[in-house]
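Handing you a structure now.
Chain IDs A, B, C and D follow the sequence of writing; residue 1 opens each chain.
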Amino acid sequence: MSQLVQAEITGHAEPVPGVSRIEFYAPGLARAAGPGQFVHVRCGEGSDPLLRRPISIHAVDRQAGTVKIMFQVVGKGTAWLARQKKGLLDVMGPLGRGFTTGQTRRNCVVVGGGIGAAPLYFLLQELAREGCARQVKVLLGARNAGRLLIKEETERLGFAVRVATDDGSAGHGGPVTELLSEELQANPGFIYACGPVPMLRAVCGMLESAGVPGEVSVEERMACGVGACLACACRVREAAGGENYRRTCVDGPVFAAEEVVW
Amino acid sequence: MSQLVQAEITGHAEPVPGVSRIEFYAPGLARAAGPGQFVHVRCGEGSDPLLRRPISIHAVDRQAGTVKIMFQVVGKGTAWLARQKKGLLDVMGPLGRGFTTGQTRRNCVVVGGGIGAAPLYFLLQELAREGCARQVKVLLGARNAGRLLIKEETERLGFAVRVATDDGSAGHGGPVTELLSEELQANPGFIYACGPVPMLRAVCGMLESAGVPGEVSVEERMACGVGACLACACRVREAAGGENYRRTCVDGPVFAAEEVVW
Amino acid sequence: MNTSVNLGGIKMKNPVTTASGTFGFGLEYQPYVDLQRLGAIIVKGTTPKPRAGNPPPRIVETPSGMLNAIGLQNPGVERVAGEIMPRLAELGVPVIVNIAGDTVEDYALVARRLDGVPGVAGLEINISCPNVKKGGIQFGSDPRTAVEVTRAVKSVTGLPVIVKLSPNVTDLVGMAEAVAEAGADALSMINTLLGVVIDVDRRRPVLGNITGGLSGPAVRPVAVRAVWQVYRAVSLPILGMGGIMTARDALEFILAGATAVAVGTANFVNPRATVEIVEGIETYMRENGFSDISELVGLAHRA
Amino acid sequence: MNTSVNLGGIKMKNPVTTASGTFGFGLEYQPYVDLQRLGAIIVKGTTPKPRAGNPPPRIVETPSGMLNAIGLQNPGVERVAGEIMPRLAELGVPVIVNIAGDTVEDYALVARRLDGVPGVAGLEINISCPNVKKGGIQFGSDPRTAVEVTRAVKSVTGLPVIVKLSPNVTDLVGMAEAVAEAGADALSMINTLLGVVIDVDRRRPVLGNITGGLSGPAVRPVAVRAVWQVYRAVSLPILGMGGIMTARDALEFILAGATAVAVGTANFVNPRATVEIVEGIETYMRENGFSDISELVGLAHRA
């Protein structure tokens, strides 16, 4: 069950310029969290910025009772957050429906673009725990070598990582979806993806063509984060036919790839 | 001339609980400043709090190029300010009309109540520089001994200080105006006062009865701080007769005691 | 100490309720608040048929506020009456259903369907939703249609009827007087202010709906002014809302003349806001020697 | 790159001016800004006779905004025309005098006195000041009197006349159409929103005048909406204002349809705001490949 906690900040790092990673102590939250879920973080004391910011859970250490988030500074909320190096963080979570893992999904490919890698690391922690690191392919895309995220940590968990950069400064030169194209030849059982909208749209198109199931984590502007305000509408295809809005905060942020209407 | 500067914070202290003293480096401002003038300080980056906060200049060190302010935490602006222990402060100043000193005012009494002592210390620095510390009586009031401000520093400048506390925990037990009453018997030439409204109102009344001239520093809510918005109206008696509003930020904050309509 | 109030026939154990559309159907907030501490719960705007709502983006943050253009997404009155109310009724907290529609008949239809549904303690007529093209805005800004809607609803329900006023009008007091005359049992104010935010990079409005409703602390002075003015002119109880974040904010409304207050946008920032406000009002009363909340209502006009 | 605009006959070298009442008579800000960088300067509201203004407190900060109730304190049109304008005229920057009064005759009187005064490039009629009991508010919310004032001023001056609209109305577009019809050369919007803040400790309104006008970033979405709506309906040039703090904020107004923008409350926060906005607009145009500011005006309606 979701909690509202004043969590003490226990770590702070800047893995690449403009991206921050904050660790905080919240044992109950760590215990309850699953990969793909997010926390809703208050950014500031006054009323500007006003709303909480949704940030995916990047990693948990259930033993230590700590949770990590990793985020890019894009506006005033994340700028404030990046300045918090100690003290208490006002956090709600875990929230939302995360990735579904399990027996049938072990032969899978995990695709991350840019900061989209953040929630995937928690997924990979879980996949490693479930003992299937050897079966999983991890594809990471970034603008250039200097902006690659979670590569070393992921390899340390035992996964094989393939890299794509826009400028070719590391791995494949081109979008990470080109690597996915190749991997789809090998008939993987399932795809997990998170990244910018154009990448996710492309991924969903590729999965549809290839007939491979998958899950994607989407972003939508949120107010409440708990399903009450209907702000975070995501257009989905209903199994029963027709289209409808679902709430990204409780029905997502992870949706089946075939559901999302881009 | 007033300046807008991004001034580096060079010192921070909490002389009594809930009162902060910040020193910043602003040589031009230090050179231009006179006692009783104030600075207008931005408190925060966002739009809440929005307006600058007016704070009197507490002390200057023209050699070192530094300025000190001393303030009580009363709301969100001063709370933010009290948290700034390094980095840059966005400061406008010096602003306003300060205390007038000089030959004819040497046989004077300086009366401060509570945080009202803040600007008086700068005045005392000037009076000491003018070499009249021996002729000046300093009366300081506070709720209790633990909340007394500027006493030691003032004595170090060579002034004789008399103290009044509401609870009698130091000096005279009662309002500082009772000490002023006594001092008025000695026919001082001039009175300088700063403190809460009830104290200033009482001081002005006593000066009128005693026929002693003086100057008081008043507070009014400000927006621009430069005379443009007409927010900071202070009701005054005009020499020509009648009453009128004057702008506390440019025509004050120091007014002749007989001018102010309480 | 008595904190209970009577809002036009709705008995609340304290003056704090939730603003429609910001608290879902209440149950969403159960992990964070003991719903039974609330004076009442006002649920999302309900229409005759289910509505899908507006295309996203539906919200955008603004300085100390937010614009929303949800577009009255709701499951329709049948499901509210048949599925949701039975669960809410168990709480034993008065539930006020906010109702909306495109025509006078729509309002009457929803009101009739809700009459007698267990747990429903009152109706709040939203004649002022700025995000529905055909409906709301006209009702909310034209006293004649506002009167018509009020009469139509009153004639089909025995429940207390609160009419929710829009601040987007020249003469709020005139509007209040008109709906009071038409039989409203209480007035609630304010709904959101109409606003637009432009994305300077895309050079397009941010919201899918272009315009949205401004709420949050930014609008609080406008809302307190509305309560202040209407309190002087109309003797109906007022439900005040608009930017209430803390107990002190709530007290501003009560001192200006509100009998009760609703907490909206604050829930998004602090999901415990409602309960903290209940507690903060009690603390204030204790510290300032008030034994009955009614002593505070409108006190700023007299003090 | 061309940033010059023509605001209903007032030629400005760039679209940035100052909002009336927030920049005094300009000279107060000389230590901080090179006034010659401004497109125009709009000075404090001027009335036939000097006015003392309202009792303090005259302002109170609100979330991302402020209420003011200055009460049109000003030295009267004689001193403005005789003493202040001669000094301002030396700057070579177009000066727009904001005029106010209690009666239609008052407006005409001030307008007539300013006609032909060197340096005065235009008049802005404040029919919407919410802080003057007898005057402003009625003119600003009743299209008939707004039309009357506009006609009266136009008939006594050869200067371009900008009519400043109040957001405190139901039908802003109707008001804009009415004054356009009456001969206004441009429209400015918005004046402040009416608000109240209560001091919870003293249990009294904070302002000496009780109500005040809300300005600052809090109102920006409301102001952008006003420009957005009026741009679609009326072909007059619009002077947009309300919560502009940065160049990006100013661009929101321009993209929504404003030909020029005025900077008000921002001056209090950052006395260099006006000049920084001039520079920021230039940077934006350069980075986004616009060579004439006119390409941006209203672009969000077309893009």
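Some points to look at:
One rule holds for everything that comes next: contacts are C-beta pairs under 8 Å (C-beta built on N, C-alpha and C of every residue); 3 or more make two chains touch, one makes a residue touch a chain.
Values in this document were obtained by computation on a predicted structure and should not be read as measured data.
Using the contact threshold fixed earlier, the set of chains in contact with both chain A and chain C is B, D. Note on connectivity: the fewest chain-to-chain touch steps from chain C to chain D number 1.
Interface comparison, B-C against B-D: more C-beta pairs in contact at B-D. With every chain reduced to the mean of its CA atoms, the largest distance from chain D is reached by A.
We define each chain's centre as the mean of its Cα atoms; on that basis chain A and chain D are separated by 47 Å.
Per-chain Cα centroids separate chain B from chain D by 36 Å.
As a whole-number value, the distance joining the C-alpha centres of chain A and chain B reads 55 Å. For chain C, residues that reach two or more other chains under the stated contact definition are 63-65, 216-218. In chain B, 46-49 are the positions where the chain touches two or more neighbouring chains simultaneously. The touch graph of these protein chains is complete, with an edge between every pair of chains. Considering their complex, residues 1-4, 42, 46-52, 92, 220-235, 244-245, 250 of chain A touch chain C.
Remark: chain D residues 21-24, 28-29, 31-32, 44, 52-61, 63-66, 68, 70, 73, 216-218, 245, 265, 267-272 touch chain B in the complex.
Across the interface of their complex, chain D is touched by residues 62-65, 67, 141, 168-171, 193-198, 200, 202-205, 210-212, 214, 216-222, 224-225, 228, 243, 248, 251-252, 255-256, 284, 299-300, 303 of chain C.
Within the complex formed with chain B, the residues of chain A that make contact are 44-49, 76.
Contacts from chain C toward chain B in the complex involve residues 63-64, 217.
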